[in-house]
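Each of the next two complexes has subunit A plus one other chain: subunit B in the first, subunit C in the second.
Showing the complex of A and B:
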């Protein structure tokens, strides 16, 4: 299973490095989001309190949705998804490979987004890098876990581009709320690490539930 | 994964519906190793759906497909390791080179040294000199040759081919016909869906004529395929 997941991840990253299609569009969209909010909300050099946390997660969610839509669309174009499903590997391994590819891409986008948001909103986002990393990683994993499953599920649907956010956002609301609250807690002058730990623990619990459900349902969803 | 093998393929009253549309209706046949079965029929006859069912990509709505004594429900991944499919779409990543595509699929099928398997496949396809070019830069015929090697890279027992002659020039077509005959000699079970009756002439051990998802006629050792096809299709309308 690990070998198959690694092969799929390596293949996805190679394809992405060659085309840079998903990386460019995701990053462009996410950075545009941040800039629009910065122009609208930052007045005379003063940003709204806690605004940075929400805007960072909006950019991740919107950019991520774009990336999620493309990840299985690419497998549909030459029907390579059928070839993947025909492989004698456990089908959840294919899901894990695709999921890790999306997480890697979103983490790369976050590496650019975090300093940008910190700069434009004068937010001390990098004052607790370990905890910020933990929040972003667990939140991104939860969001991408559900998104990758729905993206695979909708690959044959004609209106998949519309349906993906409609299905994805309601289910991932707990992840986004926990991510925003944890990030906002990190922006306080006196950071309450107990509160941050609580939100991270909640995100880990959501990740465990979502990953388990996704691994369980991927094979039956993809069989027909 | 426990190795699995089988020597015959049996479809028993296989039907497949898509909503209210019936794509296959009570299809039954048996074919054995060292033989080539042709699925012949007009567009929409159910050839590709039948191949998808045989490939375990689609479940029959009713009936069953048996691979020796195994079924897709009981053997799953182990069974898929013995099936190779070349679809109407080529199942290749255009951004990757021919070598990368073949090595990726060789790895997925458990090859110990995927690069070596890919190099051998490139030699067989006659594309070794273009091994490091992206597949996007290949002609349709060249892609078809890479796709065939992808389908055969793990030495499958059951080979499913959907319109394999599409886009091939005369030389490549002759090479493909020779390859199919080689597969028959190496004890493979080949199932071939095609419109190209002239190319299938003399190649098939059994021809299954399909129309509207039903078997119109089964002919063993068919000759004069085109006239047989016309007669059968006229009779079944």
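Showing the complex of A and C:
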């Protein structure tokens, strides 16, 4: 089980490292998002309060959607998803491998996005690196859990590029609310760690529910 | 169609015709006056909205793990009704809020979770319509996640809003108001049952037509 997940993850990362296609396009798109918001919202060197938190999460969500779509488009074009599903391996393990690949990609993008947002919006994002890391990791995991499941299901659907955001955004609203609020709490002059801890706990609870549901439904959803 | 459909439809139509008189006769609420009357249609449609969302979620789960097309048709019909009654809730709510709170919209617990539920129902319908083959399962998965989401939206917005004073209108209703309200609730429940049955019937006919076409081809 763990070995299968690891093999799928290794395969995805190897393919990605050779071309870096998804990493570059996702990052470029997310950075463009951040820049647009910077043009629109930063006036005379002053950014609106809490703006950085929202924009960081918008960039992650939008970039994440792009990455999710591309990851499975690649599998579809070369018919490898079918091969993967036909392999004598547990379906949940395949799902976990895919999920970890996407989380790794998004975390890599965040490592660049966070300093960029902090720089453009003059936000003290890096003052509590541990808590920021916890918020980003749990939030990204929640987002990617739902995203991986839905984009895997959408591989066979028509107009899948349009439908992914339609499915993904309403479902991940609690993750985005919690992520934005936790990040905003971290940006306050005197950080209330109890508040941050509450949001992280909520994110962990969401992750647990989403991962359980996804592992439970991946099998019936991917069977014809 | 079942035998009870037409008589029940007639009864429901009569009840709906009667309900404005009952509502008009109910006493005026002291502080809000006329605008409070919206409440008699707002609350019942909100309950029916939640009910149909629950029906959709349960039917979807049963379809996903049981594979019965009947459950799928039920879920589809319920999702459409969720959108319909949700629309009534989301139109009547702000009309009332403008007068009572002074704003059209507030990011309050109820409002946010209702809007999210409504959006999930919309997403469900969009997937069904544009997803092509296999979209029935996809939509069922969506409905399942949508159901799991409700408590989280509730918790998160609740926590976030505790900083601000919440506008709580506790309905301690006098008898006249209660009668009008419960009558309206009965109206909306009957309407929901009728529409659901009608919509399922339509899907049944469609499925039958599909099998006929298939047998013609063979």
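Here, the second predicted complex is superposed on the first by the 224 of 224 C-alpha atoms of A that agree within 3 Å, B and C clash if a C-alpha of one lies under 4 Å from a C-alpha of the other, contacts with A are read in each partner's own complex, and residues count from 1 in each chain.
By our rule, a contact is a pair of C-beta atoms (placed from the backbone, for glycine too) under 8 Å apart; a residue touches a chain by one contact, two chains touch by 3 or more.
Note that the coordinates shown come from a computational prediction; the quantities given were computed from them, not determined experimentally.
Participant: Just checking: does A:34 make contact with subunit B only, subunit C only, both, or neither of them? Give me first, second, both or neither.
Facilitator: neither
Participant: With both complexes superposed on chain A, which partner does A:11 reach: first (subunit B), second (subunit C), both or neither?
Facilitator: In the superposed model, A:11 contacts subunit B only, not subunit C.
Participant: Would you check which partner chain A:82 touches, where first means subunit B only, second means subunit C only, and both and neither mean what they say?
Facilitator: First partner only, subunit B.
Participant: Does subunit B (first) or subunit C (second) touch A:209, or do both, or does neither?
Facilitator: Touch partner of A:209: subunit C, not subunit B.
Participant: Once the two complexes are aligned on chain A, which partner has more residues of subunit A within touching range, subunit B or subunit C?
Facilitator: Of subunit B and subunit C, C contacts more residues of subunit A.
Participant: Is A:144 contacted by the first partner subunit B, the second partner subunit C, both or neither?
Facilitator: After superposition on chain A, A:144 lies in contact with neither partner.
Participant: May I ask you to decide whether A:55 touches subunit B, subunit C, both, or neither, giving the answer as first, second, both or neither?
Facilitator: neither
Participant: Per the definitions at the top, what is the overlap between the subunit A residues touching subunit B and those touching subunit C?
Facilitator: In subunit A, residues 224 are touched by subunit B and also by subunit C.
Participant: In the complex, go through subunit A and note every residue touching subunit B.
Facilitator: 3-4, 7, 11, 14-15, 18-19, 78-80, 82-90, 223-224
Participant: Name, in rising order, each residue of subunit B that touches subunit A in their complex.
Facilitator: Those residues of subunit B that touch subunit A are 1, 55-59, 77-81, 83, 85, 87, 89-96, 100, 104-105, 107-110, 134, 150.
Participant: Residue numbers of subunit A touching subunit C in their complex, please.
Facilitator: 146, 149-150, 153-154, 156-159, 162-163, 166-167, 169-171, 173-174, 177-178, 181, 198, 202, 205-206, 209-210, 213, 217, 220-221, 224
Participant: What residues of subunit C sit close enough to touch subunit A in their complex?
Facilitator: 64-65, 116, 119-120, 122-123, 126-127, 130-135, 137-138, 141-142, 144-146, 148-149, 152-153, 155-157, 159-160
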